[in-house]
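Take a look at these structures.
The two complexes that follow have subunit A in common; it is paired with subunit B in the first and with subunit C in the second.
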Partner chain A sequence: MFKGSIRTSALRSSIDALLAVVDEARFNLTPTGVSVRAVDAANVAMVSLELPDSAFDAYSVDKEVTIGLDLSKFIDLLKMGNPDSICEMDLQDSSRLKIKMGSLKYSISLLEPSTIKREPKIPEIELPGEVILRGSDFRQGIKASEPIGDYLVVGIETKPKEIFIMETEGDVDRVTLELDKDDLFSISVVGEDAVRSMFSIEYLKEISKVTSAADEVKLKIGKDFPIDISFAVGDASVRYLLAPRIEAD
Partner chain B sequence: MRCTVCKGKGLCGRPNCPILERLRAFETMPSIKDSIFGNSPPSVFVGRMGYPKVGIGPLVPAITDAEISRFDNPASWGELKIEDVIGMRSSLVRSSKSLNVKAPQFIGNSRILSMTQELALADKPVETEVWFLKPPKMDLKFDGILTPMGPSGTIDKLAITENPSVERKVEYITSDTDINAKLAVDELYRGGISVYQIMRLLSVGLLGERRKLVPTRWSITATDDIIGKRLIDLIKDYPLINDIELYSFTHFENHFEIILFPAIFSFELLEIWRPLSLWAEKGSIEADREGYKGRSRYSKLGGGYYAARLGVLEHLDARRRQATAIILREIHPSYWAPLGVWVVREAVREALRGKPEIFTDPLDALGAASSRIKTPRVLWRNELKIFDGVRHQRTLSSFFFLLLSSPTL
Partner chain C sequence: MGSDIGVLFEREEITLKDLKGMRIAIDGHNILYQFLSSIRQADGTPLMDRDGNVTSHLSGIIYRFTNLIEAGIKPIFVFDGKPPDLKARTIEKRREIRNTAKEKWDDAKKRGDEEAAMKFAKGSTKITDDVISGSKKLLDLMGIPHIDAPSEGEAQAAHLLENGDADLIGSQDFDSLMFGGEELVRNFAITGKRKIPGKKIYVDITPERISLRENLKRLGITQEQLIEIGILVGTDFNDGVKGVGAKTALKLIKKEGTIEKVLKLLNVEIEGLEEVKSIFTNPEVTNEYVIRWGKVDEAGLIQFLCDRHDFSVNRIEKVILRLKSADNGQMRLDKWF
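Moving on to the complex of A and B:
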């Protein structure tokens, strides 16, 4: 059904990207690559992963198939292999996957896909603000906020000039990360108004651990609207959508 | 105000003087010679002082009571007053023998241990006779987690004068040494054995593979937590409740407001100790919580957190529904003696047996709840983080049509 080999470290970072949102997911194996879309139990965060066949050293699918994976179990097992090793996968039927990393051989049972929460449809959205920044900067903004409060505002100020901000206000303290044009790969806003939305740090924390490895992270920001976070690791592309917190009394 | 100056006139502002109440409880205690004979409810106690060498033994009443079995069954104390509970419990004499916690692993080593275990297995009162090294001293032990206990003495000799009746399920699980303690607790609970008996079995080292004595106070929270974790796993697969529900109940001067929201499981407990209540001269407000992914650290609220959570989980499991639960607990100064965490467990269970008020707006539910809380809302409102999450966190499906089947708030 499916055979593929890929660097263990590349597979690990893809699984880590999914784990930021869900513990189990459906993997669609198609002739052109692997795609995963999943939304968390609270319907607050969504992740989509595209792993094209070019990300693999060898890849073949003779018949499209969807498999279910327990991601926590899978990552534990991938950690057993040398990150620089090549992970060879072989799927003969949709209930069992064979994995070989160096001299380690696993045969793991898969989840019945129908027992996993349904895949979301990826919505088409256009957002007024867009920023491209270093993954490590995004991570820093979130790390700095963690001890201060539970919620983080992400936005772009427009006056007097365009500045990207990440800000957390706790009961008593406040922290702000500001990056202007010179600190960013790019920044743009449609219209003259500032854009800002507030998010739960609990979610952003998990997501930023994954994006910290990326050179560039693209954020699309609206006013009190879900944030769209996308980045590439090697040939894989990952995208998150995270619903905001709205404090309207 | 110093107690030495006041001498029970009530100058501190408490409705009852804890010192005088304690003396009053002493008066009702029967005097004890160097042996007693009575029906143990059944009840056992494992201390924690000196761990890993701990005191273990049965609790035997110094009085005869036709309904002695309820002396160790807090689920049946709904109608009692604080004084009644203390009166009842103070008549239970704690006998103990110091043993290493690993003693259950060495069979045939201690007759006192095996008899205490036999007693813990029983589902009906057991005729027990204890001879003490010296007559037990008058005493009354209180503790935040434990149920109060009366005088205590060191065991010289112990005898059980009848064959205790043991439920089949209990006999079966306790004789299985290949099942780990968590699974054993789980099996017993599913078999309809009360949490109080499971706690007893766990504490005397009758569950699990490598068996150990577990101090009673630890076995209480361990049992609440083990059962709770399993119920959470089940509840995560249930559909959400439909409305916001508010339950309210006062038990032993502890007032509870419980709000259930139609959202995936999470739990928050707010404890408000009013000024002059136990432990808190100036009052104290603390909250703790867990999200959908659960918690790994022991709660700063202690055993009460797990007891309260269990009450909610049992309710949701019985309805086969999922919800986020917020509990407000206000402890009044009239709660003058700590009775143990069973107060919390039973209060939450009882509250949820009532008929809820129904709301559509979380703020209205909180408003109704706080109208029955004496402490001003401004003092505790900021502690409610899960509540804020429920109110303010939007879902992706409120912006997009995701084609998902699960309902959302």
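Moving on to the complex of A and C:
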């Protein structure tokens, strides 16, 4: 059904990206690559992962198939292999996956896909604001907010100049991270002077751990709208959508 | 009280934290019955205001549901509508049981036998129109949505899941699984310990989650066969086959394949079999409903609970504070789907 080999470290970072939102997921294996789309139990965060066949050293699917994976279990065993090793996968039927990393061989049972939460539709939203920044800067803004409060405002202002803001206000303290054009790869807002939305740090924390490894992270922002966070690692691309909190009056 | 098929299902123990952000379609009559039967004084007398109106259900809703809302749970109450005609016999039977229990309760109180009094008091629990209308009024004041089912509440709750408007069904009964409800959560509104009937033993009760699909798969039966097992055991709409419990029914259905063959084998009949089946396979449900979580009406709550039903102003003020600070600002992605 499916055979593929990929660097263990590349597979690990893909699984880590999914784990920021869900513990189990459906993997669609098609002739052109692997895709995953999943939403967390509370319907607050969505993750989609595209792993094209070019991300693999070798890849073949003779018949499209969907498999269910327990991600926590999978990552634990991937950690057993050398990150630089090649992970060879072999799927004969949709209930069992064989994995070989160096001299380590696993045969793991898969989850029945129908028992995993249904794949979400992709919301159709237009987000006027867009910034591209370093993954490490995004991570810093969130890390700095964690001890201060539970919610973080992400926004772009254009007047007097274009500036990207991450801001958290606690009961008594406040922290702001501001980045202007020079600190960013790009910044733009279409048809608005400013955009801002507020998000739960609990979710952003998990996501930013994953994005911190990325050179470039693209954020799309609206006014009290979900935030669209996307980045690429090698040939793989990852995208998150996170629903906002509505700011108290 | 529904079909006695609970023993068949594997449950996953969970905590309230696991339910954060979840929309639970709550079987309204079922939860009110739990509150009315369990929130009582030692001799079985329910909570009452100075005019003698029962307030146990109001107490259950305001205190227990504040806990749930604080945990980030989004409740939706679903109330029963007109019962199917076949339920008439069950309803009549319940009335008789209630009346007998009421007499025995009075008798036990006279004798001073508290344990017996409590037992019969619980058995005499009745959900009146006043209980329903008072509950709906309180839900409105707390900002909790409620909808009226055209017929069975659990069927409508299962329909909300199917439509993607709820994530779980909340009920103690297992009938929602027969109605095709994918995910059931039990014991979410009752806290701590529960007394085993007739004994002086208390057991811890924790919330548990039951997945229909996983259980059907494990049992190796179809949804239709689950319904047939329920019918063999007995439902609110038919008497079961004498001597056939859930495990026996499972064995029989798996061996014979269909209820018709099982009945033939046992040489018995079930009155109105097709009609009972269709209540479960083709239940009366509606898409005409609105689910909206509202704001907490502070003044309304004080007026209704304290002025009218003698709740303590002090305690209700604290509850209002907790309700207002509860985590309700988090939006869900489905708003944009």
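What we mean here is this: the second predicted complex is superposed on the first by the 246 of 249 C-alpha atoms of A that agree within 3 Å, B and C clash if a C-alpha of one lies under 4 Å from a C-alpha of the other, contacts with A are read in each partner's own complex, and residues count from 1 in each chain.
Rule of thumb we're sticking to: a residue touches a chain if its C-beta (ideal position, glycine included) is under 8 Å from a C-beta of that chain, and two chains touch if they have at least 3 such contacts.
Just so it is clear, the model here is predicted, and its values are computed rather than measured.
Student: Once subunit A from each complex is brought into register, does subunit C clash with subunit B or fit beside it?
Tutor: After superposition on subunit A, which the two structures share, subunit B runs into subunit C.
Student: Looking at A:Ser186 after the superposition, I want to know if it touches subunit B, subunit C, both of them or none. Which is it: first, second, both, neither?
Tutor: Neither: A:Ser186 stays clear of subunit B and subunit C.
Student: So, does A:Ser60 touch the first partner subunit B, the second partner subunit C, both, or neither?
Tutor: neither
Student: Could you tell me if A:Ile125 is touching subunit B, subunit C, both of them or neither one (first, second, both, neither)?
Tutor: both
Student: Identify the partner contact of A:Ser95: answer first if only subunit B is touched, second if only subunit C is, both if each is, neither if none is.
Tutor: It touches nothing on subunit B or subunit C.
Student: In the superposed arrangement, which partner chain does A:Asn82 touch: subunit B (first), subunit C (second), both, or neither?
Tutor: In the superposed model, A:Asn82 contacts neither subunit B nor subunit C.
Student: Is A:Glu112 contacted by the first partner subunit B, the second partner subunit C, both or neither?
Tutor: The second partner, subunit C, only.
Student: Using the touch definition from the top, say if A:Ser200 reaches subunit B (first), subunit C (second), both or neither.
Tutor: Touch status of A:Ser200: both partners.
Student: So in the superposed three-chain picture, is A:Thr176 touching just subunit B, just subunit C, both, or none of them (first/second/both/neither)?
Tutor: A:Thr176 sits against neither subunit B nor subunit C.
Student: Of the candidate stretches 19-27, 253-261 or 271-279, which in subunit C collides with subunit B after aligning the structures?
Tutor: Superposition on chain A puts subunit B right on top of 19-27.
Student: Considering each complex separately, which residues of subunit A are in contact with subunit B in the first and with subunit C in the second?
Tutor: 39, 41-46, 120-121, 123, 125, 200, 225-226, 241, 243-247
Student: Would you tell me which residues of subunit B are touching subunit A in their complex?
Tutor: Residues of subunit B touching subunit A: 236, 263-264, 291-292, 382, 385, 389, 392-406, 408.
Student: Per the contact definition, I'd like the list of subunit C residues that touch subunit A in the complex.
Tutor: Listed in rising order, the residues are 18, 20-22, 72, 167, 211, 213-214, 217, 329-337.
Student: Taking the touch rule as given, give the residues of subunit A at its contact with subunit C in the complex, in rising order.
Tutor: Going by the criterion above, the answer is residues 39, 41-46, 112, 114-115, 120-121, 123-125, 198, 200, 225-226, 241, 243-248.
Student: Quick check: in the complex, which residue numbers of subunit A touch subunit B?
Tutor: Touching subunit B from subunit A are residues 39, 41-46, 117-118, 120-121, 123, 125, 150, 171, 200, 202, 225-226, 241, 243-247.
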